[in-house]
Amino acid sequence: MQIQLTEQKQEFNKRHTKTRRRSLSRSISQSSTESFSSAYSDSSEDESSPKDKLQKTSKGLSDFCIKNIKYASHGRREIEIAEQEMPALMVLRKRAGGEKPLAGAKVVGCTHITAQTAVLIETLCALGAQCRWAACNIFSTQNSVAAALAEAGISVFAWRGESEEDFWWCIDRCVSAQTWQPNMILDDGGDLTHWIHKKYSTMFLKIKGIVEESVTGVYRLYQLSKAGRLCVPAMNVNDSVTKQKFDNLYCCKESILDGLKRTTDVMFGGKQVVVCGYGEVGKGCCAALKALGAIVYVTEVDPICALQASMDGFRVIKLSEIVRQVDMVITCTGNIVSRCFHFTMKCKNGCIICNMGHSNTEIDLAGLRAADLKWEHVRPQVDHIVWPDGKRIVLLLMFADEYVASLHLSTFEAHLTELTDEQAKYLGIGKHGPFKPNYYR
Amino acid sequence: MQIQLTEQKQEFNKRHTKTRRRSLSRSISQSSTESFSSAYSDSSEDESSPKDKLQKTSKGLSDFCIKNIKYASHGRREIEIAEQEMPALMVLRKRAGGEKPLAGAKVVGCTHITAQTAVLIETLCALGAQCRWAACNIFSTQNSVAAALAEAGISVFAWRGESEEDFWWCIDRCVSAQTWQPNMILDDGGDLTHWIHKKYSTMFLKIKGIVEESVTGVYRLYQLSKAGRLCVPAMNVNDSVTKQKFDNLYCCKESILDGLKRTTDVMFGGKQVVVCGYGEVGKGCCAALKALGAIVYVTEVDPICALQASMDGFRVIKLSEIVRQVDMVITCTGNIVSRCFHFTMKCKNGCIICNMGHSNTEIDLAGLRAADLKWEHVRPQVDHIVWPDGKRIVLLLMFADEYVASLHLSTFEAHLTELTDEQAKYLGIGKHGPFKPNYYR
Amino acid sequence: MQIQLTEQKQEFNKRHTKTRRRSLSRSISQSSTESFSSAYSDSSEDESSPKDKLQKTSKGLSDFCIKNIKYASHGRREIEIAEQEMPALMVLRKRAGGEKPLAGAKVVGCTHITAQTAVLIETLCALGAQCRWAACNIFSTQNSVAAALAEAGISVFAWRGESEEDFWWCIDRCVSAQTWQPNMILDDGGDLTHWIHKKYSTMFLKIKGIVEESVTGVYRLYQLSKAGRLCVPAMNVNDSVTKQKFDNLYCCKESILDGLKRTTDVMFGGKQVVVCGYGEVGKGCCAALKALGAIVYVTEVDPICALQASMDGFRVIKLSEIVRQVDMVITCTGNIVSRCFHFTMKCKNGCIICNMGHSNTEIDLAGLRAADLKWEHVRPQVDHIVWPDGKRIVLLLMFADEYVASLHLSTFEAHLTELTDEQAKYLGIGKHGPFKPNYYR
Amino acid sequence: MQIQLTEQKQEFNKRHTKTRRRSLSRSISQSSTESFSSAYSDSSEDESSPKDKLQKTSKGLSDFCIKNIKYASHGRREIEIAEQEMPALMVLRKRAGGEKPLAGAKVVGCTHITAQTAVLIETLCALGAQCRWAACNIFSTQNSVAAALAEAGISVFAWRGESEEDFWWCIDRCVSAQTWQPNMILDDGGDLTHWIHKKYSTMFLKIKGIVEESVTGVYRLYQLSKAGRLCVPAMNVNDSVTKQKFDNLYCCKESILDGLKRTTDVMFGGKQVVVCGYGEVGKGCCAALKALGAIVYVTEVDPICALQASMDGFRVIKLSEIVRQVDMVITCTGNIVSRCFHFTMKCKNGCIICNMGHSNTEIDLAGLRAADLKWEHVRPQVDHIVWPDGKRIVLLLMFADEYVASLHLSTFEAHLTELTDEQAKYLGIGKHGPFKPNYYR
């Protein structure tokens, strides 16, 4: 079993993963722009690094590293509220009825750390698993939730506003417990898997499998597999129909309006909006914005998606045709938006620019910051970029990954019909499915 | 090369294809119920069988068999109007600019014969192909369009209201021209392909390929292939994204309202409707009905589709829960609706029952006709079924196959964005695609 | 009591009413353009004027004048189908339970004569009224329905394709029965009322009231009233909330899609459409077209309505900005569309122009016909206008008055809540209403 | 001039106004339920009453009474962001170009004090008016905005969490400045007008007029007028079309989703929701919830509104039929919801109850608090009510008045068409309107 990573792969990593974090973290470390960095840090009182602090839970445990254990009770309330919206997992806990179907599982995880993922982690524990967890993103951790998990006895290593060095340090602490070796990996983005490959490759002898939920992570696993170096089974959660349809389409349909309203207080009726990209994320955004009375335009590269946009009632245009007149630009490309700085130059005063795709590389922050413009931080996630002539662009950074719709799915009120024998025979399938390939849905 | 068909396969055919036609044709032949049969025939003046008539075009050609060549000018106008809505094909003709890229192609086809398919057939001819054509359905032929094709010199064998015997006779006449052998097959349902396999199997030595556009036909080809008897390449048009999304979802979204309004003059606002099945067809119907103010319920067997229905705002129920209160039942199952007679028993007075799925097996006509109920034919495609107590069910038979949205697709007004080199590299694809697998759409 | 009409009023009439009919009828009489006129006549077999024929019902009655009494059974079926969709009236009949609350009422009416109005007329009769009826429009009469009414013993004077002279002759025959004098008027457009004023003014001594349902008719009554010449009570049905909201908004929402699809077979998805006017009619059209995937623009003169259009997600533009790119122009102005010929000049090939407002003066037919363009009649209600360079405009003439949504309203499935005493007191109204002025709805 | 108020009127006041505040303030003062009261106060640090503190602006002014002048810079930023969304007012300021059209106006105002109303107040000042302002609601003041207004030199008397006594004290301080007498009143709810009538009736000799924007306030003015005691002109802003359509329909359509998501993080797709009341507020809520995939039911008392709900695709039911199964109850009645406690008894676990109508009397808080249930305050505006068996109801209190859509209206991108002379003549109106009565919109 050989798990050395080639240079080429590291090249890939740098492009896909590190760049994204680095571009942001560089902004933070270098920067005189207080406004920008503060978008992602907590209120300023507590400036010391979590790595330098020794904290203990009320039961005396200390195998964790988080912002502040005192936030635990607040985080617990957040988790309890989230549980109300995640009945599927709660039903799982209930059905187990004290049984421990996951006994023996040692899961090392690396995901966003939010009230919702906390419900997932605690469900794994309730079913018998042991868990150690790190954050997959340096900005998205809810410090109070991390505190609540730690207080509950789970080894969490994560805080909002990690440096790149912190990021890998946390992952390493998760993996390298002295008396504990993981036998399962739950990864979002592939960084955890990458780190184990690179530093602890013999661990794979005991690892039974990997669950990976991001496009990027799946792509990296696929490269490993092609190179013959993927030595354990890996489950591609990203391409599951629930992930594609529910986390992307429905999640974005639900969250785009709230994200914009909460941060910018904009009205949608009559606003002209261009949505870049008509994949599932773009479809969800377009549907919601149209429903609230916005006039929506779409840009697309793929003719089939363009045709869908057109049939759904959206004019398909090039960004350059419309950029001077729109009130909002929503990027849903999952890709670098081309000539980002160039198009913001043409936006009209007050235009809101928001990334909704699952990557903050969509908007070229580094490029925007390099230009000689004034930045004003106005609210969490929201900066104003001010041109010398007074023109003001509202930049809204969303972490759509943060919001995982499929975890909300649940004991929803639906009464399924059951196939009769005759019908099942007609279709040539079993009475209880499986029913059809995803692409029929 | 061995192309004998096993008993088992004939069993399949009987179930999938013949039953459907037989159940209807039996109704016609046996029946004292004038009303029902007349739904599918032209006005009564011209009762003689086309097979018994010798007709000639204005140029003296007679290698065709249709209802009445005199209808040609009316059919021509219908075709010309259809051409306006099918710019993609018209652009193809124009681009050819007199070139004959299909010269040498001898296409034998078996599809619905409508103004739209006529535009397709004449496009093949304009590009140099020779064509002979039969109908894939005994009820759906537009007689005037068939006449216009014949007058244009194309050998067409089809009329509305064929018997089962007529049906196979027409196909046979298409295939068995004395001085002409096909080298390509364009089939919808697999009957033409089946007939050549059965009676003219040596023809496959010259046939270069099959294009098949129906679920049923694809299934039959797949069975042949599994059995090692598919000896030429076959192209599955049914599973193309344009077929799935455009012919099914968008087509049904566009045609359900018109179909119901045109035939029953019903208002949609406030009406309670149950749509059976939430595949692409059901999704299209639900979206349109909801948009016009109907209160829509969905039945589903597949939990993922049920979840989609729920997220899209439709209550998912069992038919039995709701059947007594709904104003319309729309079947979009592509399957036999279970206990059809049983549920119509419970429908309230005036309830409209309509099949939208691509098969008229959805509604068990034979079962309904066997029961001791009165049938009144009120308009084309519409019968009233009257219970002894005066309860009246409106039965609307739709031929969704008849309406092929993808043929309407066209030079639609969309300005595509082009990937930059950097973006293409990021995605790991070419600048001009292909972009993504269908199931991401 | 003085009921002479001034010149000024006749001026009004000419503008509002006669012009509209004359512009059309002139087209018919003068015209070499067979295609245009035939849009409004029945199939050609029966060319003699109804005035020249003596017809009798099966019971020997002859006090009517219609196209052909033989159509009665077909018309009866149409009426029966309409009854299914008009439960409110049917419930009225049932509730009467043989009582004749309208006994003694002698109603002379002048409306469109369709299956729906027939249900209304027959309901009046069922409740004890005596009725005589004429058509308010020379083109909209359903001949078979008129025949069914005659066969049922109701004195109807109407056929499709009346000349202007016919039109007034029919009204006169309704009014001037020898042994019968009306005591109630039900009018749509004011022509009947006008005629009685002009020729039989003493009749008003016995007339108890007028019900008027059109804008034009109400305006004329209002002028009479201002001039002190309205000597009986008149009920303005036009401004009732059911008329404004239901006949206009909901009716047009329901009928625009069907009207366009039925006549032109157009797909809506991705089509660019401009709707002229955002009153109730325009609101209905826009909502339906948007829901089916059209990209809709609005023109408006009234800033409040323009703002509503904008908040509802429609770009408000001037016709001149968009006319070259749209696929359809729908007029909902209730007014002459300005420079009609001028803008059709700029429409692109294949553009559909359709009037939806309640007046066929919206589109300047006379102006269009005066220009040296070729007209081709392609289907009922549809003409192609062909420019010398081959450009083709599709002209669709709708009679939205024909379709009266409020007559469909019914025992709809709604469970009303009842105010408690406390709530009624809080609002300061009675427990059973009336609830609020129309403008709050 | 006689302005004594009768007992009967005070009765009215008590019912309409005081009750509402008292029921809430009593909860606060009596209560051991920390959770409830804290919903409406700022974070706890600063517990002293503003009345007891002497504060000064940076310029040494002290004629105001607010929570904390230190919040001014934060409030200023909020106001600046609001200005971006309120271009109509900003354009007014700009057009004035230094002119002072309102010079001499002395406006005393009593409204919600939010960033949006601050933009209005500062616009009045920019145009030359002098203003003194109090809050019309004891809970809705944004303390930082009040601070910014004070810092800008405007005499503001308001803070979040006033007692009833504070409320009248603030109004009195506004009115009774020693060297300043108002000549205009801008009121929301009628309390300010009422106070002046009661205590300073001679002021009306100098007051030129009253602008009143609430239903309640208009009703009170109307009662005064009927009694012959309204001695100055009063402008009813509430019934303006912009208020009815924009503040109610569009505002609620925009804010319901955000309000629910922001506070409860609920997903809408597939949720069953009952909306009580289908006036403009209910229409807006229903449209938004339906668009996001909720299954929406409506309760109504008014048959016309019920019919509209039905035609728009909502089942009209009684609350009792559906209350056990719904996930949310949204009240939009503008009235006391009947038997409030009774129906919450039947709600299922986790059900969200939210008032959207413009009055917090809709939900009987006093009744709910009287019952022996546990209250937990979980977030601003959100309390959980916990039943002895563990059932938990989520109570969300919205202040829809707080969000005034019409103030956002603006230089929206609409190109108005202008009537031609001919068209204006046809309609019988002027070329530039006025166009039509509100009830046609």
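Each chain carries a letter (A, B, C and D) given by its place in the written order, and its residues are counted from 1.
Definition applied: a residue touches a chain if its C-beta (ideal position, glycine included) is under 8 Å from a C-beta of that chain, and two chains touch if they have at least 3 such contacts.
Keep in mind the model is a prediction, meaning the values are calculated, not measured.
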>> Give me the set of chains touching subunit A intersected with the set touching subunit C.
In response: B, D
> Taking each chain's centre as the mean of its CA atoms, which one is farthest from the centre of subunit D?
Replying inline: B
>> Just the number, please: Cα centre separation of subunit C and subunit D in whole Å.
In response: 44
> What is the distance, in whole Å, between the centres of subunit A and subunit D, each centre taken as the mean of its C-alpha atoms?
Replying inline: 37
> Counting only residues that touch at least 2 other chains, which ones in subunit A make the list?
Replying inline: 250, 269-270, 272, 292-293, 307, 310-311, 315, 412-414
>> Looking at the complex, which residues from subunit D come into contact with subunit C?
In response: 15, 219, 239, 241-242, 244-246, 250, 279-280, 299-311, 315-319, 321, 335-336, 338-339, 409, 412-420, 422-423, 426-428, 433, 435-441
>> If we count contacts the way the header does, which residues on subunit D are in touch with subunit B in the complex?
In response: 269-270, 272, 290, 292-295, 307, 310-315
> For the complex, which residues does subunit A have touching subunit D?
Replying inline: 77, 81-82, 84-85, 250, 253-255, 257-258, 261-262, 264-270, 272, 287-288, 291-293, 325, 350, 378, 392, 405, 408, 412-414
